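Chain lettering (A, B, C, D and E) follows the sequence in which the chains are written, and residue indices restart at 1 in each chain.
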Amino acid sequence: MYEFDWSSIPGALPLLGKGLLVTLEVTLTAIVVGIGWGTLLAVARLSSNRLLSFLAAGYVNLFRSVPLVMVILWFYLIVPQALKGLFGQDIGDIRLVSALVAFALFEAAYYSEIIRAGIQSVPKGQVAAGLALGLTPGQTMRLVVLPQAFRNMIPLLLTQAIILFQDTSLVYVIGLSDFFGTAYKVGDRDGRLVELLLFAGAAYFVICFTVSRLVKHLQARFIK
Amino acid sequence: MNYNWNWSVFLTPVPSGETTYLGWLFTGLQWTVALSLSAWVIALVVGSIVGVLRTVPNRWLSSFAAVYVECFRNVPLLVQLFSWYFVLPELLPPALGNAYKQSDPLLQQFLAAMLCLGLFTAARVAEQVRAGIESLPRGQKNAGLAMGFTLAQVYRHVLLPMAFRIIVPPLTSEFLNIFKNSAVATTIGLIELSRQAQQLVDYTAQPYEAFIAVTLLYVCINVTVMFLMRRLEEKVRVPGFIGGK
Amino acid sequence: MIEIKNVSKWYGQFQVLTDCTTEVKKGEVVVVCGPSGSGKSTLIKCVNGLEPFQQGDIVVNGTSVGDPRTNLSKLRSHVGMVFQHFELFPHMTITDNLTIAQVKVLGRSREEATDKGLKLLDRVGLKAHAHKHPGQLSGGQQQRVAIARALAMDPICMLFDEPTSALDPEMINEVLDVMVELAQEGMTMMCVTHEMGFARKVAHRVIFMDQGRIVEDAAKDDFFGKPHSERAQQFLAKILQH
Amino acid sequence: MIEIKNVSKWYGQFQVLTDCTTEVKKGEVVVVCGPSGSGKSTLIKCVNGLEPFQQGDIVVNGTSVGDPRTNLSKLRSHVGMVFQHFELFPHMTITDNLTIAQVKVLGRSREEATDKGLKLLDRVGLKAHAHKHPGQLSGGQQQRVAIARALAMDPICMLFDEPTSALDPEMINEVLDVMVELAQEGMTMMCVTHEMGFARKVAHRVIFMDQGRIVEDAAKDDFFGKPHSERAQQFLAKILQH
Amino acid sequence: AQESPTLKKIKDTGSITLGHRESSIPFSYYDDKQQVIGYSHEMMLKAVDAIKAELKLAKLDVKLMPVTSANRITLLQNGTVDMECGSTTNNLERQKQVGFSTSIFVIGTRLMAKKDAGVKDFPDLAGKNVVTTAGTTSERLIRKMNEEKQMKMNIISAKDHGESFLTLESGRAVAFMMDDALLYGEMAKAKRPGDWVVVGTAQSKEAYGCMLRKDDAGFKKVVDAALTKAMTSGEAEKIYNKWFMNPIPPKGLNLNMPLSDDMKALYKAPNDKAYE
């Protein structure tokens, strides 16, 4: 029987807290930028402009067919080159920046698919009604279609956010320490890997479960 | 950048000499494919059962299914894999656990990764199956029951055939994800595709070539899967219904 | 044939049916009408056990629906039901829609079932469409197939839940025609509908429901002559006005 | 007011409208009817440019709809439209539904818009529901709000596309009553409907369409007296039968 | 000084970026305050001091950047880091991409096993499960040995040393083959360090060096001179004793790994040769 020894966890809490901060930072940026950029992509993909919709589709399919680890790695290896070209020599520590960029661009591809489905779930008649009132196509999209699309897609947006929150751990490939990575490193350093990972798993479960309950609750309250 | 490109590295023999580095990549590819496909079978079977259970009018069964889904989707895959590989054998009776741990390591790694990936994806498949069933008009179930079908027959003949057709596109995404997620098996030592990339970097010190090759291989897998699923979608398309002719 | 005795039903706190009692005799055609949300669909679904109820009892052809020992599947296979939205199975051809329950529930051979199905399809005038899928038919055609599907089980009685309300005005009649014919042949029918023309033509009795109660249960002529309750008068006035 | 001149429209290969010509004068009420799929909705959507058309022209109040230089948003803000499925915006309160276009399109202040909106809401008898969301109203109430929403823009004419066909029979009348009132006040109206009672009461002319063509375009009494075309006779017979 | 792009860059920017590992105990790792410490790290700081003196800089800004085995070469090449001292083996494949300083450590690849498991040397492993860390020289050697001597071992390649040890500890493998210094490190972390022993004859020797950009002789010369001076003056041995013979952070473990003959030889005559 395995002997569990949880003694290294209390001392590691401040470190784990720092890791959690990185996780949250990456998650929130990716959600905000991903949804913003993803919405633009979704609208472009549904637009009647062939070129625009082709480009958007290409972007989405490309990002969706490469594992996230590879995307993060590529950004880490290529972004410094690009930045160097732009700003000259010293670019300092770009780990966090390149992780943020990689996640945001990657998640945008997923969010755009969800939002596209959301837009398509809004009855065509709603667009006709908006236009018939004299709203411009842009206003109709902004005031009528998108609010409903987001509302319909809250469960899926949430599921994706939870996946994203968990996927943040992949930043280990570029040596950035998020919550999971910190737990792993502490476990490795102290020879208590199993304990630290179980602890991390429990923490993830509590956070994800609480957030999803909370969102369901809010959704039930505000959406009639 | 002072990087020495050397694409011929793939054709040079590996240190033990029995194959080339390209051969290694293909062995990795084989493991990735074998692992993903077998996990996909588990995911489909378990996911369908759990998804159906979530919709049946029995509180015990449906809350069991709900608990399953919550547990498997709120814990990171890596932690789950770790638990399957390192923790679970410790919970078995010592004799059984030790016998298992002394068996062929490759078998242990593959089993743990397959179960983990399969059951993890099953939770997500279950959600899709449930959504598919719930997207059908309620009247369909009633119509089946009203004709004298038992509940099981209603699921078998009426609800599931339609629900599965509806969820082919989201299932395609899950199928793609399982290939990408199979890369976590590397953490318990299974030499699948992404691990071979790492090996290549370690052995040849040619990281760009290795990463480019592996990225391309993943893209190939994806294109193939998308193509096959598109074909399937066309094949099962119902005339006069969603996107049918 | 169908006896409904003091049936009450709740959805959580909300009472949908309050103490409903009525009866449909063999060969009788009864029309159920009433405002939206009055519980018509719920009542008719209770008859073949699609909705459970908490009080009272319903006896169909001697079998109690409320009794937990009753084999509901068996009971339902003798009671035909037609829905507002047809509810054909979209992934099967028309022929398969007509035969599957015959084969799986009644245990008929595939040939026998197909024979029977095609005969009934011919009767509703759609033999030529046997190989198509439901999505390829118009609403009126789909509803006629749905009626044929129910008839294929040799039902002892038929339940209809607003069979024409999802149809285009022009198609309503092709379905009503089939129903009129069925009534004239002596089929026992319980029929939720607002087609008062149909009620006038073939109903023996009309039941008017409001807020989960049977407010009026009268012979056709009495009902159209002058309903007792004020609510039914109002309703009739509105529905016949334009 | 509305002139439709030789309009033809295709969806890919399929011709939906063939050479349609008609006119609605100021203050006139025109009812459009015809079998399902005959192009009624398409025609009425062409009038305010919701559907583009490939041939012919439509002139509304002096402005050509087909002209690419026309500011369609501006045109549409003068033409009220009411849809079969109401199409209220479910994420806004009733008040917001009534005011948003006034504010965003006509540039009215929020107070002015709310004032106007509430006045019209009162007119359709729903002032008490101003703070609710559309999902909390019955179908008939929603459709009345939709009419008020269109009226809030001070339209010069109104288009209706089967405004009652998604409603329960009891609610049809509350909507028709509002429409009758509007017609009697002299609003120019073009109205796709199968409610022949309404047509009899207020229409000046009836247009009958079949397979994308205007088959019959006659004064109300001529149409109900005896339509010229056989197809229209058939249709009328079916629709008035039960 | 000689023409050296790296030195020029350091001079121009007034800063140097050092690559380090995060959990290579006791070479280069984080203590519990997230400070980088370790034997290799101290050696690297010796070199930094020399660079500062060479360039006559009043102030040199030292930036630290964690690297992993997967990205250390690329980060060095693309200029993100200027030099890396951790536990990177100097070998011929790597020399095609990067340069190496004078070696700072020599290890032998040996075995760790449970005291009472009866494993004394490599031949005892025939037919058993053996674990090693993926991508290491040990992995190559043991696979080759298995092949050549028909030993019928099941070789498990774990992702990192921590997992390798876990595999050993949980009973999946009877022995863990790895660089001896790292084995001592893992042993020190174990729940019961006394249960484990490092055994067996060293299968190969490897030299750890600091990675520098290739073809930058000027820079290498400064670094080499500093490292050589530290080793020949006895400073290096003091550092060695601090990290290998005394309790070290974060938990006060003592690796108890006496100075090997190879190390003594290295300190006497520092060189930048790769074994093999």
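The definition used in the following text is that a contact is a pair of C-beta atoms (placed from the backbone, for glycine too) under 8 Å apart; a residue touches a chain by one contact, two chains touch by 3 or more.
These numbers come from a predicted model, not from an experiment.
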Chains in simultaneous contact with subunit D and subunit E: A
Show which chains lie in contact with subunit C and also with subunit D. none
Let me check something: if the centre of a chain is the mean of its CA atoms, which chain is farthest from subunit A? C
Please report how many Å separate the Cα centroid of subunit C from that of subunit E, as a whole number. 82
Cα centroid separation, subunit B vs subunit E, in Å, comes to 38
From the mean C-alpha coordinate of subunit A to that of subunit D, what's the distance rounded to whole Å? 45
Which parts of subunit B, given as residue numbers and ranges, touch two or more other chains? 1, 86, 90, 207-208
Multi-partner residues of subunit E (at least 2 other chains): 70-71, 74, 78, 163, 166, 170
Would you mind listing the residues of subunit A that make contact with two or more other chains? 2, 73, 77, 81, 193-194
Applying that definition of touch, give me each pair of chains that meets it. A-B, A-D, A-E, B-C, B-E, C-D
In their complex, what parts of subunit C are in touch with subunit B? 45, 48, 50, 72-74, 76-81, 83-85, 87-91, 100-101, 104-106, 132-137, 149-150, 153
Sites on subunit E touched by subunit A in the complex: 9, 12-13, 15, 22-23, 25, 29-30, 32, 34, 63, 65-68, 70-71, 74, 78-80, 160-163, 165-166, 170, 186, 189-191, 250-251
Using the touch definition from the top, list the residues of subunit A that touch subunit D in their complex. 123, 125-126, 128-136, 139, 143-144, 147-148, 151, 224
Of all residues in subunit B, which touch subunit E in the complex? 1-4, 6, 15-16, 18, 86, 89-90, 98, 101-102, 104-106, 108-109, 186-189, 191, 195, 198-199, 201-208
So, in the complex, the side of subunit A touching subunit B is made of residues 1-2, 64-70, 73-74, 77, 81, 113, 159, 162, 166, 169, 180, 193-194, 197-198, 200-201, 204-205, 208-209, 212
